[in-house]
Structures are given as structure tokens and as C-alpha cells.
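Here subunit A shows up in two complexes: once beside subunit B, once beside subunit C.
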Partner chain A sequence: MKKLIKYLAIVLFIAISLYNSIYIKDLDEIKAEKSKTSFNSKVFASEFIENKVSDLKAIEALGFLNEISKNVKSYSETHGNKLGISNDYYFIIYGNATVLTIEDEDVVVALAKSQQKLKIAIDFIFGNAIREGAKMANIGDYQNTMDYNNISVEINNLVRENIVPPFRRSVKIGDSIYFKGAVRVNVLKQKNDTLRVIPLQLNIKS
Partner chain B sequence: MANIKPYLVKFQSIIVLLILSMVLTILSDKFFTLENGWNIARQISINVCISVGMTLVILTKGIDLSVGSLLAFSGAIAAGLLKFGLEFPVSNTFIGFTVFGAIIAALMVGGVFGVFNGLMITKFKVPPFVATLAMLTIARGATMLWTGGFPITGLGNNFAFIGTGWFLGMPMPVWITLVVVVFTIVLTKKTKFGRHIYAIGGNESAARLSGININKIKIWVYAIAGTLAAVGGVILTSRLDSAQPNAGMGYELDSIAAVVIGGTSLSGGRGSIVGTVQGALIIGVLNSGLVLLNVSPFWQQIIKGLVILIAVIMDRLNNPNN
Partner chain C sequence: MTILPKLNKTFLIILLLAIFTTLGCKNKKQNTTKKVAVVVSTLNNPWFVVLGESAAQRARELGYEATIFDSQNNTSKEAEHFENLIAAGYNAILFNPTDSEGSVSNIKRAKQAGVPTFCMDREVNSLDGPISQIISDSFSGCVELGEYFVRQLNKKGKYVELLGLVGDNNTWNRSKGFHSVVDHFPELKMVAQQSADFDRSKAMEVLESVLQSNPDIDAVFCGNDAMAMGAYQALVATGKANNVMVFGFDGADDVMNAIADKKIKATVMQSPKAMAQTAAELADEYLKGKRNFSAKTPLAVQLVTRENIYQFEDFGSTN
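What follows is the complex of A and B.
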């Protein structure tokens, strides 16, 4: 009798523990719920590229270069965006320019009405410059850091696949172009000739 | 003077702790504050959980190098089950886990891996150092597989309460640690099982001849060490609200340090849970004090190493025959 009570108590304990430990549902039901609530970085990125880039607030490139040459720290703190405690600030800039050289990784341009040079990336499109420069996402809004990181991954993919190739195919030395893109500025070791624009818009003027 | 020596030896950890605390209180006005006290208690809670398990293992003349990896794997299991559950596409079934369920699963995983360690050591006669070294790698690899190499984050407020919440004016990790410590003190001091642990560490052959089932006791000891590593894993994951695939790296060394500083003999059979708690406290106080005094992290490591050496030398001097 004692043994029976002991075993019954054990079975009861396991049953109560299991009841409070797990719940069982249909997998399809769960997947449907997840797809409604989960963040889709691909959709988020393509919506940004398709609908928001043309209206995206940007700084005129020549003025930007002049300002960061004067006082990079104070200008960056006022007009740039940075992630955490980094010394890197991000900006969206735009401008008209003439193509000087076409290299494997970059197109070097001279800004209109000046001799100032700038590199526009056509290969190795990586990093968070666009996400941070456009201030399009706040890390605090994402419980999952992967979602946050994936925004940059997807945007860079779109730039790599949709924005750069048509430009790269038709650009020639001497072309006049319009560009809009993101740049990273390090306030501790900034040199204007190392600035590299990750493009969001690239138009060759006829 | 001769009458004082046994007391000095017996209470050497407490004396060191008191002297250390007094010196740090003089050197930094931020050290002896309630806030810093709770900080130290929270910080050492994970190490205490692991070290208590390690003490049992070392008392049997063994060693468990896998506790850091088991901590990471158990934490990842809890986080993964809580966040993603288990999917069985063949039967179109999803099994979701509550916080309670995820914690139980994590503890069970820690325990099972501990049993595996014990079986390797007792049934296949693999030396504890090698068996647990292998488990260190296996569990780390399993963690990477389970997490895909990425942290699992966003585990919810209920789970976060375990590592960051307060209950009756005391942080939750400290409550959990207290329960673990009291449980193991009772286990070692008041039960037959505890006496068998000391007997095996003191003289394994004599223990076997006196009828103690050595293999069974050792398997249980490694299972408890694995489960306590899992407790540490749950606390750490909850504190960070994230299961990191590389969590717990080097924790096995911190726990061995706490055990040794606490006076447990690496040759087994002698030591106590209370001593280990004191050892972990000394390391915690030392860490906190060195940070408050702005000592370089490189120097901190050197100082901690020297403290461990001094502890072992003192143990040797006090017990020359051991």
C-alpha cells in the first residue's frame, strides 16, 4: 500500500510538472501566427529602397566635405548618426559629379564645381552605413539582434544586386552622374580622401 | 601560540576574506556599500553554483572540466526551447515550453551530460581529466549546433526575472545560490551519500572494501555537477536575456580556483561546501576591489593566479602528509 501511494505521488508529480512545462499545438497554426508577427527584414529593406530613398533627407556632398574638414567631431555630433559608443558617424549625402576613374571596387568622381574627389563603392558593399545614415531602425526596437543586423544585410544585397550592376555596365570616364548614398566618418582618424559612398541612387546624366 | 594555529588554519579563508575586505574598504569608498555587496553576490552566484558541484567532484578525487561548456549548452537549451519550442513537421506538431518547462529541460540536459561523464569515468575507466575534457568540446560543439553560432535573445520578462529580479529584498540569483548551497551542505554533512563521497576521496580502495558502491556514487556526483552547471547556465542566460554560444568559457578554471582557495584538497576526501563559498567570495571580492581600484585587467589575472598559488601552498604547509 505504501509503495502504491509512493508511485502514485511520483506519477502525479510528473503529470503536474509536464502540464506546467509544455503545451502542444498544430505546427501550421504556429507558423501562421509567426508569419503574421515576425519581422521580415527582406520586405523591410525592399520597401525602403523602393519607396523611401528618393525622399530621404541628405546633405549636399560638397558642403558636407567642407564642414567635416573644418571640425569633424562637432559636425558629426550635430548632423551624423552613430551606433552605441563608437567613433564612427554615418551620413546620407548626395551630389553631382564627374567620373574620373573606374576601378575594380570603386568609381572615383570629382564633385561638380570643385576638384574634391570621392569614391563611390561598386564592389564590397558591406556594413551598416545605409541603415545608420538613414536612421531607419533603432536597435532598441528589436528584441532579436539578428533582425536588426539583417536589415543591413538585405539592404546591402539590394544595392549589390539592383543599384550597382546597371550603373557599372554603362558608366564611362567623363560621365556626369548624380549620386545619393551613405558614408561613414571616423571622428578620430578622418581623411576626406578615404571616404567611400555606399550608393542608394546612381544616375548617369545624358 | 600553538593553540591558535588550528583555529587560524580552520578559519584561514574567512580571515583572508576579512583582511581583503578591510584593505579594500580603506582603499576605495565605494567598496563597502550595500550596492556593491549585492553586485558581488550576484556576480559570484553563478561561480558558486558551479563550484559547489565541482567541490563534490574534487572530493571524490575527480575533476570536471566540462562545467563551462555544460553551462553554455544548458542555457542555450533553455533559451531555445522557450523561444522556438520543438517542431515535428511529420506529425504537424509543435511543442511549446513554458519558463518552468524550459528550465526543467535545461537542468535535465545538464544532469544527463553529467551522467555521461560519470559513466565514461566509472564504466570505461577514462581518467576524469580526459573524460570531462572531451565533454568540454562535445558540449561546446552541441551548443554551436543548437544555436547555429548565433545568440538566442529576447526571452521575455518572466525568464529574465530569474537572473535580474528581486524577491524579499534579495536578488533572485542569490536566493537560488542559497538554496543550492544549503542543499549541498545537507547532502555532504547529513546524509550517507555525503559520507560516501568523503570516503571515496579519502581512500577509494578502503571505501570499496567497506561495501560502498563507488561507481554509483561517482555517477551521481558528476550528474549533480552537471545539473548545477545547468543552474548556472539558466541564471547567466536569464541575466543577459541571451544565450551566447561562447558563454562560460574558462568558468571551469574559476570554479576550480574557488574550490582550491576554499581549502578543498585536489587529492580528494577533504574540504567543504562552506569553504568553496568562501573561496568564491574571495575571488568575487578580489575582482570587485581590483575593478574599483582601476587595476588593469592584465594585472587582475596575475593577482588571481598568485592568490590561487598561495592558497595551494598554504594547504600544503598545513597538511604536509596529504
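What follows is the complex of A and C.
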């Protein structure tokens, strides 16, 4: 009888120990939880393009070109964003312009009330200009830098797929347009007439 | 009355002892030079030799005793170095890791022992381990290289990609930067993607083997310059050097010369000196009391091609 109680107690002890130390969960549930905690650059990029572009602080393009032609380094250091140690600065600019020429990779425009030219990118939309211009994320918050870089990849994909195609289909020489987008300025090599805008907003007004 | 002079004498002796002890300690502290360890993934590659030596040199210029440790691309060797240098009382570590995951435990062990670590060139997957990580902006460099690649191939052709060490984040940042451009051109077909571990001889072997099944390739993209040189050697050996474009990454002297000699198409110049010096300076600031550091400090890189190589007179890994 005593032995029976002893064995029952041992079995009970083992059962309680095992019950508290082994957890069985659905693998799909765990995968879903893990994906919730890992960074999703696609969602981050969509959220930015859909909800933040209209209110994004930007510099009027003509004033911007005038300022960088005076002292590109000083202006960039004060008003631009850059990534780490670099001579490249990024800005978000906007303006009204007239279409001068339509090329394979760019639409060349003249800014309203001025002869100053800019290129609006319609192909070869790559790099970090939008991410850095908008300063939407901080590299120090990302354990793996690739997550940070994927933000640019996804934003560029959205620009390429959603913002450029309707503009490219309808734009004609002489059109008046409104644009908002990101530019990169290298303070050592800068030439104003070659600035290329990666668009965030493009509207044909006439 | 006789007690007072005795007390005075005793007091005087204690006072003098205290003064000498304090002065002695102070002098000793002033004479003790702080020690900085420079732990480098491998000294078998000239680029990393420059990285390690530049870090040690800058640390010495800042008044530290600096020693270089070679991990021989081996995480257990690296762990051994960390154990030894923690025991030896080093004050800071300038660290070029062997593995983005595997090296984290070493950094954390040093942190627990109160030794700050500053990563150079290679990233580890930890935000709370190292004080700061000084890394090349490899992704952006390979985006520019990718654009140049696409234009040189007129948006069509077959190519091979030689990857670096698969456990290193630089390998994937470079590869993904490149593919973020090239994959948008459907007529550019990657016929093989294989790792050659950032090693020249392995790259030669891998490409020779790939060429047997794909003799008609138009280009090779390599994750570093050592592999680019190995790939070029393989192309020379098979008589294809004039027909296949080779692209690298690093800005190593031999590749810069090969670009000038029209043997290699392009590379991306990163500066081991600037990274190493920045790491040493940050460590110095930390040891002097600064605590607010950016977790990551990327350094810009530059595309080097046949068209702009004249701008890099003092080129190569010595920059």
C-alpha cells in the first residue's frame, strides 16, 4: 500500500513537472507571432507613401536652387539630411514647372518664373534619396542594416509602380506640372543643372 | 606633556606616509598607458591589414598602447582572443568581426567585463553589444555599381555573381544593393550565384567551374576585389578576358590598376583607413567619458570606373 502511494506520488510529481515544462503550440501560430515582431519594410513603405507624403515638409524648388548655387556646403549642412559620414545630402523639394523634353529616363522641366532646369526621374529609380530626404527612419534603430535598406527598395518600388506610370502615360512637352520629390546633392561635385528629382507626387495641371 | 610631542610625531609620520602613498599612486596612474586591442577577421587579405594597422596607428597617436590580433576568419580563434584580452586588462576593442551572428557573444562578454567594443567594416546583429559600428554604406555603393553594370551591358546579357562569406552582412548588403537595380531588367539573366568566401583562389576555382556549364557569360559581379581578381584570372585562363566584364568592390590597389589597364570594369571604393581612424577616435572619446554614441555610423563609398579613375590619384586600400 505504502509502495503504491509512493509510486503515485512520484508519477504525480513527474506529471506536474512535465506539464509545467513542456508547451505545445501550433507552428503557424509561432510563425505568425514572429513575423509580427520582425520588421516589415513593405508595410512601412506603403504607410509612408499613402499617409505621409502630402504633409511631408519640403523646400520650394526655385529658392532651393538659388540657395545651393550660393553656398552648397553651408546650405546643405544646415538644411539637408545625410547618412553617416558622407558628402551627399538629401532634400525634399516641390515646385511648379513646364515640361521641356521627355527622355528615356527623365523628364526635363523648367521651373515656373525661371529658366532653371531639373530632371524628374521616370526610370532608373533606385537609391536612398527619398528615405534620407524624408528622414523617415534612423539606421541606429535597425539591428540588421538590410532592414533599413529594404525601406528604400520598397519605396522605390511603389514610386516605380504607382507614381510614375500614370504620369508617364499622359505627359507631353509643354505641360504644366506640380512635383514633389527627393534630390541628392553632393557638396563636392554639385552642378545645379543636373539635379534629378525622384518623384513622390506628380500632377499634370493642363 | 610628553604625550603631545609623541602624538605629533605619530601624526607627522602618518601624514607623510599618506602624502607619499597618494603621490605614488598618482604618478603610477599617470605612467600607466591604457591599452586598445585591434581584433581583425583576417590578416591574409591586404585590405584588412590596412584596416587593422590604421586602427592601431590612430590609437597609438591618441596615446594608447595598441596590439593587433588576427582571428584568421575563425570565430573560435576570435573568442579566444576576446578571453585573453579581457584577462589582460585591455581598455577598449576595435573590432572587425568574423560573423554577424557568431561574434555577438564575444562583444557581450567584453561588455560584461566593462570593455567597450567598436565594430569596424563588418556589422554584427546586435544594437546593445557594441558601443558603435562604423560600416561602409555597401548597399548604396552596389546600387550605383548596379546602375553602371546595367548600362555597360545595355540592359541585356548573362552574368554570374560571386558572393562573399555567407555569414557576413556585407555580403548580403552588397548583393541586395546590386539586385535592387539589376533585377528590374528582365533581359539580364543571372546564370549562377555562388559563394567564394571573399577569397581570390576560391573565386578562380568557382568561376572556372561555372564557365564549364555557362561558357557564354557577359559579366561577373564579385562581392569584393579579391574575388574580382580571381575571376579575372579564371577568364584569362579560359581565353575569355576580353569578352567578359568583371565588377568588384573595395577599391584595392590591384583592382584599381586593373581598371586603369582596362582589365576590370569597375569597383566601389571604401576606405579602411577612414573607418579604422573613426573607430579609434570614438573609442578615445568613450574612454574620456563620452557616452552618447550613434549605434551605427555608415561611411559613404564611391563608384570607380574607367571614366572617373583619374579622380582617384592616390587610390586603393591606402585611402
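Annotations for the structure displayed:
Here is the rule we use: the second predicted complex is superposed on the first by the 178 of 206 C-alpha atoms of A that agree within 3 Å, B and C clash if a C-alpha of one lies under 4 Å from a C-alpha of the other, contacts with A are read in each partner's own complex, and residues count from 1 in each chain.
Throughout what follows, a contact is a pair of C-beta atoms (placed from the backbone, for glycine too) under 8 Å apart; a residue touches a chain by one contact, two chains touch by 3 or more.
From a predicted model like this one, the values you see are computed outputs, not experimental measurements.
When the two complexes are superposed, the chain touching more residues of subunit A, out of subunit B and subunit C, is C.
In the superposition on chain A, A:17 makes contact with subunit B only, not with subunit C. In the superposed model, A:145 lies in contact with both subunit B and subunit C. Taken together, the two structures place residues 143-146 of subunit A in contact with subunit B in one case and with subunit C in the other.
By the touch criterion given at the top, residues 85, 87-89, 92-98, 100-101, 104-105, 150-151, 153-154 of subunit B touch subunit A in their complex. Those residues of subunit A that touch subunit C in the complex are listed here as 83-88, 124, 126-128, 139-146, 149-150, 152-153, 156, 160. Residues of subunit C touching subunit A in their complex: 100, 123, 125-127, 135, 137, 139-140, 143-144, 146-147, 169, 172-173, 176-177, 180-181, 184, 274, 278, 294-300.
Note for the complex: subunit A touches subunit B at residues 17, 20-30, 143-146.
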